[in-house]
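Note that chain A is present in both complexes that follow, paired respectively with chain B and with chain C.
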Partner chain A sequence: MSRAALLVLADGRFPAGGHAHSGGAEAAVKAGRITGAEGLESFCRGRLHTTGLVSAALAAAAVLGVDPRQLNEAADARTPSPALRAAARKLGRQLMRAARATWPSAELDAVATEFPKGAHQPVVLGLAARAAGLEPLDAAYCAAYESVSGPASATVRLLSLDPFDATGALARLAPELDRVADQAVEAARRAVDEGPDSLPAASAPLLEIAAEAHAAWPVRLFAS
Partner chain B sequence: MDGVTAAVAGVRATARMVARDDGRGGTALPVLESDGPLALRRTRGSGAEPRVMLVGAMSGPLGGDHFTVAADVREGARLRVGSAAATIALPGQTKGEARYDVRLTVADGGELHWLPEQLICAGGSDLYVGTRIDLGATARLVLREEQVLGRVGEEPGRLTSRLVLRVAGRTVLDQELACGPGAPGGWDGPAVLAGHRAVGQLLVVRPEFADEPVPARVLGEGAAVMPLAGPAALVTAVAPDALLLRRLLDAALAALVP
Partner chain C sequence: MHLDHHHDGPAAVSADAHRPDGSHRALRIGLGGPVGSGKTATVAALCRALRDELSLAVVTNDIYTREDAEFLLREAVLPPERITAVETGACPHTAIRDDISANLEAVEDLEDEVGPLDLILVESGGDNLTATFSKGLVDAQIFVIDVAGGDDIPRKGGPGVTTADLLIVNKTDLAPYVGSDLARMAADAKVQRAELPVVFQSLRGEAGVAAVADWVRERLAAWTA
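Up next, the complex of A and B:
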């Protein structure tokens, strides 16, 4: 087991289907709320401190061995939009397939059997990190980074944004990403003693509302 | 917090109400306790569904204050609670955060309508609102929360508002919104509020939603009806101002609770 497993797990080419999702960027572009690099950065910053923090804490808690069933319920309660719950489970199912092939483990097998339709992606991400011998902080970084890298690469495609500008926005978020990953691990450690109710529940109203509108579009480039 | 600042500590107040089935097809209010700035008044309403009005007897909450309002609706009882005016969070003499806790419990067969006026976060205020709702498996609830960020033309204060719903011991909804100066970055950006100054939630819980969930639906640009993972539906709405927000939530309420 090595730290380099984190690079495998966090690689955009890890075959877990994330590229098909924009993390709400497609809906925000269509609504005119993201029109360039500045809007993208602001979108990503908001997503990082809400969905990103919650996902990172769920993933870190899964690495620490908090019951996946309880974490999955906590993820449901923190995701009012049924479109986003469905997307999270679909991504979780795809990630589970890739993770079981990459880091075979009895624990992953058991969770895959318990959730045939998929557990929430951040929970599976944490279990995959655990199977790969990674630390809670590694999983938190991975989840927090995914919460912003997905919208960034999607916006490059949606707006024909200069990829250098999108990458620059991600780089400027790095110090906040560090803080979010630390906060997430702290919360996850609390959840070991106090249960998943103590996990963060930061929410972004427009991500939830726009996800429902997006799911009803007849034609879209991204699944969510 | 140290002993030196205790002299200027804020107001602590807890108002409580209990509604119970009176055994004659109506609801009695054996407990209706006002406290300091939180005054409870029974207003006209039917015997089956008494109405209580929360009247702010002084301004606040101010920095350092800690208010709690608790309602306990016992088995088979019904209660409707409103407020006489908007609550305005203001900066206090102490720099500290103010805290407003709402604790609602509804036992099996009980029904609570919790429909207060808006919470307005005036410039310079710093408030944490914690709303915890515990429902029995067959309890019913209609709850509205509206947050207005700043008075007209004013920078908002800081607000953190957490809403937790448990039904039969299981957490069905847990959402926290943080906004205003000092909140984590991006709160006013395109993912969270995008310049909207009014945000609200309407939560409807009915046992029959377990088998027949409300269909998900978008209400214009700024609101959506969302069936939760449990016998409940949430309407989340954002709007430029309090009036437009209320219109969105009223329309959603009329559609969800005919």
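Up next, the complex of A and C:
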């Protein structure tokens, strides 16, 4: 394996569709819950310990070879909002295309055929990491980081926030990101023996509710 | 059938000329250019000119609304199932150049759902003079500018003006009112583009979109040859 493959996969410019999504930041900005760097950091912290942890555990479990179909169902069960389920599958489909072009593998081809409209993004992320020869912890880091980097770059655009402040907020979250990635891998290893039901199911109800409202806005910058 | 392509195989990953079932895919033409230069009006006119002879569909990339798609629907230039809107997250050029995955999905879904198609027009959200389409998304691109945007745009160049397969200078009927010198625009475009074609167009004039429609027919003939 090459650890450097993680840099390719985690690069914000990896062409997998993430740029069109704000991870709930657009709705939070509109509602006045994010008004500056401090609010962004709190928002990202909440997202990291809920959506971020769940995504990281799903991704790590996929690297460990837990059945993608079961993981996809587990992701559905952990995503109450239909709008967020649709967004996750759409992003999963986009990531699958990029991953197959970047790290061709029979396993990715098989999952792409089984889910022509896309499996949940964190599951595909884990399969992409696996195809790239990466470890469960690598995939967990990538998923956890994406859960906060997306809202940060979206907020820079939405609020004309100073980009240095947004990056500083991400850097301050780094120690927590380490802990979330470790927790995710621990849970994923349990899921190998006990099944996907043992994966974390931390939920952020406001993200789910706001995503439903956001999906109905006639004018918006981001798809989710 | 192409050996690499099986009917039950997974979808193609990029600009492969064949679909998973081995058939030849539709020609994809991108239309880009600054805000308000007449991209959507040109797409609408092309649909009207070509829809009786070709099976076609349109993908729009609006920046923050679905207005371009809704304009095409309201004008009824094509049945609604042949028009798809892609959301671009505040960066229209990213969705047509740096990360084309959402647009590739849109064109492939159109071929699956309303195909077989001869032609798919991919319209960019209004952007700047550096916006160009990835070769992984389209087979040819049209850059649309207009005389009211300033007659110095061809001189300024930029990737859109310089490298597009066809440059449209739109709204020529407005030239006398905004003081734009069409001869100068043509001379500057010639310097920037050498042998690449330029069409001066007024959709309100009698010829309308005819010259551009002919160019599209030529590209299609070359694609299917």
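What we mean here is this: the second predicted complex is superposed on the first by the 224 of 224 C-alpha atoms of A that agree within 3 Å, B and C clash if a C-alpha of one lies under 4 Å from a C-alpha of the other, contacts with A are read in each partner's own complex, and residues count from 1 in each chain.
Just so we're on the same page, a contact is a pair of C-beta atoms (placed from the backbone, for glycine too) under 8 Å apart; a residue touches a chain by one contact, two chains touch by 3 or more.
As the structure is a prediction and not an experimental result, all values here were calculated from the model.
Return the chain, chain B or chain C, that is in touch with more residues of chain A.
B
If we overlay the two complexes on their shared chain A, which of chain B and chain C does A:Ala83 touch? Say first, second, both or neither.
It touches chain B, and chain C stays clear.
According to the stated criteria, A:Ala216 is in contact with first (chain B), second (chain C), both, or neither; which is it?
first
Go through the superposed model and pick first if A:Ala202 touches only chain B, second if only chain C, both, or neither.
The first partner, chain B, only.
For A:Arg190 in the superposed arrangement: first (chain B), second (chain C), both or neither?
Touch partners of A:Arg190: none, neither chain B nor chain C.
Just checking: does A:Arg69 make contact with chain B only, chain C only, both, or neither of them? Give me first, second, both or neither.
neither
Regarding the shared-chain residue A:Ser22, is it in contact with chain B (first), chain C (second), both, or neither?
Only chain C is touched by A:Ser22; chain B is not.
With the two structures laid over each other on chain A, which partner does A:Gly46 touch: chain B (first), chain C (second), both, or neither?
First partner only, chain B.
Once the two structures are fitted together, what part of chain A is touched by chain B and by chain C alike?
On chain A, the chain B and chain C contacts do not overlap at all.
Once bound in the complex, which stretches of chain B touch chain A?
Going through chain B, the ones touching chain A are 162, 164, 170-178, 184-187, 189-194, 199, 216-218, 221-224, 226-229, 234, 236-238.
Could you list, by residue number, the parts of chain C that touch chain A in their complex?
That would be residues 8-11, 13-14, 63-66, 87-91, 94-95, 98-102, 104-105 of chain C.
What does chain A use to touch chain B in their complex?
24, 28, 31, 33-34, 39, 42-50, 53, 73-74, 76-78, 80-83, 85, 176, 197, 200-209, 212-213, 215-216
Give the list of chain A residues in touch with chain C in this complex.
13, 15-22, 90, 93-94, 97-98, 100-101, 109-110, 112-113, 116, 154, 157-158, 218-223
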